[in-house]
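Below are two complexes that have chain A in common, paired first with chain B and then with chain C.
Coming up: the complex of A and B.
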């Protein structure tokens, strides 16, 4: 699905833009800081190697990393490592997306329940917060073993770990958003004799959207972390977590591989974040325009 | 995906503003959801055994499905099992074997005890410790009869005998893999708390490479290669062999749960067939190192393993099974009672277990059936 551009992008790309030059220069202006930061980082990388004499064991040359990306995997019979990394990134992305959806729905439901029943919030919120204080590294194996005993396929446990990290920011942000309407707006709704359901769907929900999307952006990266962490105790065969594990094990004989795995992890996170940001634009854009 | 966006544009014309926004949000969620359903549903199937060279036996009974839980991710350490799978040896024994990767936090004993796998690979100390928690696990074959663990030190640290550990800084893998060192120290009457500094060793060799410690633990088939491929030669190292000291704990062995073994009369037969095919796989890897390395690399979906490292590992692992030099007449998988007694005594004296291990922790019955 990632290779098919979203419909809105399609229209943006195909619709003729009359003021093309200014459009292009604006795009350039926006791209410049991003490209500049990458170039600066690359220069810093090589310069610090030179200046501090950091060995190839600790920090391989950029050239070595690119070279490793282009070597064939599986002893020469497989894809090049770059392609294999993308395949693994895709495997992790799927789990993260599943966890994001499950966790997002869970967070949304919890927020709506807490909003309607403050007594439940007082009773349960400490546990919701407590759940996030336990390191995910400790939780993940338990979740995997638990679901394994129940006979669930391995991906269920991985998705649940990702969801576990996702639901919390959504609950908190959404709850905050649902409470955001001003007393004046609520009074107005009351004067219309709006039912609680109407207040919820017509006032609270729209007001909460900006909060929701802020939470979703946090949740997007959290679910990727959850997906990666869950791959390890799940004995997964593919995924960025598996790459990180094996490349760390063989680090001393092939340092660039670990950096490629880390780049793969970053890629998944950035793409995921970008998708949420794009969704935010599609959903919240009209709102801003309407004031 | 496309219908969703059409839906939005239709709704735009006639719905109230707020309603429309929610449909937008809903549509986005649906898009993500359908994307997941379309692309995420099918879990990648593990590589199927390719060897179908021999014609399937006509009207064969349905194969017995069993699962093998490895101690770590697929690497040449487990090549024999992958070879048995790929060469069709399991199939020949009418077994349908699934090999499950291990990893951090995966304890094969737990997996087997809970019935998620019938066979597991792990070290003896770990097996004895789990037995004490009440899980009736039984070693049915000791595949590695020699230990791959060594203590590496730089020549300049001048550790030529364990007695030289005194006053040195020594890295070791705690958490179940430290007993070779502890038994050795005890043999030389070195106090592990006061006579030297023990350091927790991570899973790479950087402590030794950066000379932050005098000595570090290493498996011949893995970490030794890591050190050498980081630009060092074997002449720069002193290598302490625990096998020579008589303080080497047994490493990779195959175990099952006694509950499973005795649950059904045919399970012993399944276990024996599993051993027979696995031993055949290991024999294949003894004679076909390159082919087995390829089988292992085929499992590496992460794509970061190298042929050189796995070749090294295969060669070293063969020595642990077949001896060095390789002796094809080795009784593969036979756990000598003396080795078990040493392991049990060591485990007891270093607190791995609280009570003396029962000889029920291993059996020769399956091995006898398999090698008859």
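Coming up: the complex of A and C.
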């Protein structure tokens, strides 16, 4: 029984925990391309303004955008715009998170139902797909107004719109994952006379996790879009959607504001995506590298 | 045979395929005694894996009768009468090696500490005592297959079904694993009945009490070769002239049809 373990295991067992500096340098190595890309983009921005003579109205100077960030809102009495943007981003983030959780749960439930009852999948899938073909911009006002009439607090409608965009990728990815176990791993469960619930939780569900996380990443950005769109119909008071709407109205006189709103939207999306990616690393870390 | 644990009575298996029905097994009758080590050998398409899968109720016969411990294969499966080992280890990659070995016990509702202890005991038996906390991808192919054997033995099934378990291993690891398997099989108080599917003639002769030689299209039993080599078998068994004679006999059985 003197078979040698693979090198990866040996190093894990014998070498000490890597010292902090190597973590720091690894983090630097990872951050460098990101920082480099941003710097390159900024240079390209100003260079193309210079080269093609793009007016400040169409592409404001970076300095003007930074200056606008630091300007107080509401005629000088409110927060600086940067803080205001972060507050709006936080509001949008909460709606997106609510929609992500609600939609994720819906998507998971639909996938589990379709898995257990293929006849329902055949019957309902066309409508599920059809639901995603309807422009969200057309549905959002109906949902917002509809829930408003029912007396629900405003956030319910916004979360529903975000959930509407979220559940579909989760259903598709999850269903694919639930069907991914190999015939032999299913035979193994059969040989133990495992119940369908045991097969679901001990085999199908864990097998589907990598698929689930791929679709959750798609869903993360979709729920941010959903949240922003849900903030557009008249009546909303906070959120990146509101910022985009107002700064678009005043674009002619104050172009930087719209760019700041867009940055705010991007920030929400990136943070959200990062959270899902982090969760993925924590959950599937023990598995062999896939793909 | 009165003490037969598995009884095939004129069993046939026909698959419906696109190009018409295909007979995988034709009129197979075979009686396997309790505690016997049976090797099934034959070229691809002779239905040896199908024969094993019928015992496991992973497939159903098209005709004939099959009894496992006096019951239908379905009932035997529900009673967890057999453990199975496939050609690939089929370990669940999200579970540690110990949790993989515990899986059948977990499904059968054994309490945590008890199955934990049992898993460690089996891992020691197959020489993986130090690897309970490792994950499958950290182990070599041979070690993974040992874990899958430990998993199959964890709930002490009366029958062990092995479908080319060493087929993917290199020759050196393979011969060592054969010895280890016999060591485990001989070691217990009660010998488990083993059905071992293989396409290696020396492997079949080295391991088995009887080698069932099968031929393809349609799959049927060509002949049954009793292996009268003494047990416990060892490294020297493979150098015994009797071993070579039996290998030749099986090889000739495979040639005629």
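Following the convention adopted for this analysis, the second predicted complex is superposed on the first by the 265 of 291 C-alpha atoms of A that agree within 3 Å, B and C clash if a C-alpha of one lies under 4 Å from a C-alpha of the other, contacts with A are read in each partner's own complex, and residues count from 1 in each chain.
The criterion applied here is as follows: contacts are C-beta pairs under 8 Å (C-beta built on N, C-alpha and C of every residue); 3 or more make two chains touch, one makes a residue touch a chain.
All values derive from a computational prediction rather than experimental measurement.
Peer 1: Touch test for A:192: chain B only (first), chain C only (second), both, or neither?
Peer 2: In the superposed model, A:192 contacts chain C only, not chain B.
Peer 1: Go through the superposed model and pick first if A:206 touches only chain B, second if only chain C, both, or neither.
Peer 2: both
Peer 1: Figure out whether A:277 sits in contact with chain B (first) or chain C (second), or with both, or with neither.
Peer 2: In the superposed model, A:277 contacts neither chain B nor chain C.
Peer 1: Regarding the shared-chain residue A:117, is it in contact with chain B (first), chain C (second), both, or neither?
Peer 2: neither
Peer 1: Regarding the shared-chain residue A:75, is it in contact with chain B (first), chain C (second), both, or neither?
Peer 2: A:75 contacts chain B only, not chain C.
Peer 1: With the two complexes superposed on chain A, say which partner A:253 touches: chain B (first), chain C (second), both, or neither.
Peer 2: A:253 sits against chain B, while chain C stays out of touch.
Peer 1: Of the two partner chains, chain B (first) and chain C (second), which one does A:184 touch, if any: first, second, both, or neither?
Peer 2: The second partner, chain C, only.
Peer 1: Which holds for A:141: it touches chain B only (first), chain C only (second), both, or neither?
Peer 2: It touches chain B, and chain C stays clear.
Peer 1: When the two structures are laid over each other on chain A, which of chain B and chain C touches more residues of chain A?
Peer 2: B
Peer 1: Once the complexes are superposed, what residues of chain A are shared between the chain B interface and the chain C interface?
Peer 2: 1, 4, 6, 8, 202, 206, 209, 286-287
Peer 1: In the complex formed with chain A, which residues of chain B make contact?
Peer 2: Interface residues on chain B, with respect to chain A: 1-2, 5, 17-18, 20-22, 24-25, 28-29, 32-33, 35-36, 38-40, 43-44, 46, 70, 73-74, 100-106, 110-111, 114, 116, 203-206, 209, 222, 225-227, 229-231, 293-294, 297-310.
Peer 1: Looking at the complex, which residues from chain A come into contact with chain C?
Peer 2: The contact residues of chain A facing chain C are 1, 3-6, 8-9, 12, 182, 184-185, 187-194, 198, 202-203, 206, 209, 284, 286-288.
Peer 1: Could you list, by residue number, the parts of chain C that touch chain A in their complex?
Peer 2: Result: residues 56-58, 77-78, 80, 82-84, 86, 88, 90, 92-94, 96, 103-104, 106-108, 126-127, 131, 134-140, 142-143, 173, 180 of chain C touch chain A.
Peer 1: Report the residues of chain A in contact with chain B in the complex, numbered from low to high.
Peer 2: 1, 4, 6-8, 57, 73-79, 81, 84-85, 87-88, 91, 94-95, 97-98, 100-101, 140-141, 144-145, 148-149, 153-155, 201-202, 205-206, 209, 232-238, 242-243, 245-254, 257-258, 260-261, 275, 279, 282-283, 286-287, 290
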